[in-house]
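Same chain, two partners: chain A is paired with chain B first, then with chain C.
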Partner chain A sequence: MFIIGLDGATWDIIKPNIDKLPTFKKILSQHDNYTISLQQKPWSASVWCSMFSGKLPEEHNHLDFVKDGEVQTRNDVKVDFIWDILSRNNISVKALNIPFIVPPYNYNIYFNPPGYGVPLTQEELNTEITEITNKIVSVTGDSKPELFIAVYTALDKMSHLHWGGESLIDYYIKIDKAVNKIFELDEKVLILSDHGFTDYDKAPVQTLPKITSTGNELKGDHHPDAIAIAKNIPFKVNQPIDVFNGLISYFNVK
Partner chain B sequence: MKNEKRYTTISIPVQLNEKLKEKISGTGFHSVSSYVIYVLRQLVSSSYEEKKGFTKEDEKRVRDRLKNLDYL
Partner chain C sequence: MSNNMNHLDELENKSVYIIREAYNQFKKIAVLWSIGKDSTTLIQLCRKSFFGHIPFPVIHIDTGAKFEEMYEFRDKYAKEWKLNLIIAMNKEAMARGVKCGEGDGFTCCNELKTNALKQCMAKHDFKALILGIRRDEHGIRAKERVFSPRDQKFNWDYKNQPPELWNQYRSISDDQTHVRIHPLLHWTEVDVWKYIKRENLPINKLYFAKNGLRYRSLGCKPNTKPIKSDADTVDKIIEEIKKSKSSERAGRSQDKEAAYVMQRLRKLGYM
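Our next item is the complex of A and B:
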């Protein structure tokens, strides 16, 4: 099984631009797709943590990348993740660039993300797509694990900075091309986002200040409607924790 | 200090124990316990090396980038 995360991906960009996104157009016509309306706050660190630990925010208590001025690491997050549990049960699993911490977390893979996992320049933002895609192709070519999870994170930064602009559509076109390269690598594929996006002023939560200390004006912020596209996935994701619970059930482990 | 415990008990699945017995057969390990202690020491050591690999300078760069986005 292959899980592809697209941080911050939203139907509000994909559907109105579907004719520019031939891969999404094709897979949406062929496979289940739906909205995950988050009941928990749409904070990336917390949602990705819930998704792969099966714990609600009040249980994992990992709400953001930074706590009390300290950048959080894997050791600060006191939970077992799905990869820990599957490994204990001798099921092969790899996880690439999972952004519940910064730099994003890797399991059974070495990966050095562009910009330390916080890509800021356009070059870093573009490079992330290429490097993640190449890594996915190489991992699945070497020895495909029974579960492989990979997340593209830079779409979130693009959406904060360029919401409403043509450059964000161009970035979705790059993501569409990447998905085209990897979607057929497994019979069972789940694509999902951790939250959606909307205009900064309309967003129900503001995750960052509108004008950053470096003078950038943020155009977009997080929305609680995330996306899901499921090819032969035997469970439905109504909330992030359903990913963990569905995997536990599918692999029949405890 | 006479009564200070130097070892503790950790449970592993019986099936894994059997596999480990097969694995150490004919090697210099006289028991599964000594083999497990060896492997865990290696693991702890490599985790430490990985942590050392992420330098203070790297950490500063991450903090600077998070500051740039006002996470810090």
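Our next item is the complex of A and C:
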């Protein structure tokens, strides 16, 4: 099974621009797709953590990348993740670039993310797509695990910085091409986002200040409607914790 | 402290007092020896505290990825100082293929260091551990206490620690799994080197410059990088540190990365 995360992906960009996104157009016509309306706050760190630990924010208590002025590490997140549990049960698993912390977390795979996992320049933002895709494609044959999770994180940064602009549509086109390269690599594929996006001033919660400490103006912020596209996935994701619960049930582990 | 004491005497005196108090409170106690300069200084202080013979075990957590020079140093001085050396290794994780420098930093540190120590603590039922950390070493260590309780999961609740005002230590703790004791907390990097010089302590040769490079801090081989330096004697190292504006652990990849990450997150508005 293959889980592809697209941090911050929203139907609000995909559907109005579907003719520019041939891969999305094709897979949406062929496979289940739906909206995950988050009941928890749409904070990336917290949602990815819930998704792969099965814990609600009040249980995992990991709300953001920074706490009390310090960057949080895996050590600060006091939960077992799905990859820890599956490994204990001798089920092969790899997790690539999972952004519940920065730099994003890798399990059983080595990856050095552009921009220390916080890609900001256009070059870093574009490089992330290429490098993640290449890494995914390189995992074949004996090294291919029973569960492979990989997340593209730079879409979130693009959406914060360029919401409403043509460059964001261009970025979705690059994501579309990447999905085209990886979607057929497994029989069972689940594409997910951790939250959606909207105009900064219309966002129900502001996750970051509009003007950052270095003077950048953020154009977009998180929306609680996330996306899901499921190819042969035997469970429905209503909330982030359902990913974990569905995987536990599918692999029949405790 | 007596006015007749110099600065190093005062530091030594306080550390010896802490070590003896710790041994008095906890019979099931051990000292961690990473083979670096701080923990080797700590071993010297433990030897001095008990007139040459350390009455408790010395634990070395072996990730299998230390420098060859560190293993040579360990074996030579463990024998010479007649240490009751326990080598803690998480062999089960190593058998599973967990290797330092491969995969993410957390897994190897957690499996090969933290879990190796947990297994060792459980096996020997240790209730207290003496460690050679210093406050000036790293931001987070500035929050440490001399007697620092840890809960069942080894967690350190830094927001809920006993106060240590006027050098009054809460050395007894009945509701914790174990207590960590830090007799070098009040020392600085320069203090350690001055003490090494005064005591003529043997110290790992990796600290001394060779071909323009030396290690300022020693960890696992894949994660530790040398700094540019011509300091090939203790005196030169002391002079170099006094002038240095970079952090001691700048060669440790994890610390450097956190600083870059924080800088980048600030650009996105994180405080």
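Criterion: the second predicted complex is superposed on the first by the 252 of 254 C-alpha atoms of A that agree within 3 Å, B and C clash if a C-alpha of one lies under 4 Å from a C-alpha of the other, contacts with A are read in each partner's own complex, and residues count from 1 in each chain.
FYI, a residue touches a chain if its C-beta (ideal position, glycine included) is under 8 Å from a C-beta of that chain, and two chains touch if they have at least 3 such contacts.
This is a predicted model, so every value here is computed, not measured.
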Quick check on the superposition: with chain A as the shared anchor, is it clash or fit for chain B versus chain C?
clash
Chain A residues touched by each partner, larger count belonging to chain B or chain C
C
Give one of first, second, both or neither to describe whether A:K15 is in contact with chain B, with chain C, with both, or with none.
neither
Check whether A:K181 is in contact with chain B, with chain C, with both or with neither, and answer first, second, both or neither.
neither
Which partner does A:K67 reach: the first (chain B), the second (chain C), both, or neither?
neither
Which partner chains sit in contact with A:P103 here, chain B, chain C, both or neither? Use first/second/both/neither.
both
Looking at A:P209, would you say it contacts chain B, chain C, both, or neither? Reply first, second, both or neither.
both
Pick one for A:Y116: touches chain B only (first), chain C only (second), both, or neither.
both
So in the superposed three-chain picture, is A:K78 touching just chain B, just chain C, both, or none of them (first/second/both/neither)?
second
Shared chain A footprint, chain B vs chain C, residue numbers 64-66, 69, 71, 102-103, 115-118, 120, 157, 160, 208-209, 212-214
How about chain B: which of its residues touch chain A in the complex?
58-59, 61-63, 65-72
Chain A contacts chain C in the complex at 64-66, 69-71, 73-75, 78, 102-103, 105-110, 115-118, 120, 157, 160, 208-209, 212-214, 216, 218
Quick check: in the complex, which residue numbers of chain C touch chain A?
102-104, 106-107, 109-110, 139-140, 153, 155, 257-258, 260-262, 264-271
Touching residues on chain A, where the partner in the complex is chain B
64-66, 69, 71, 102-103, 115-118, 120, 157, 160, 208-209, 212-214
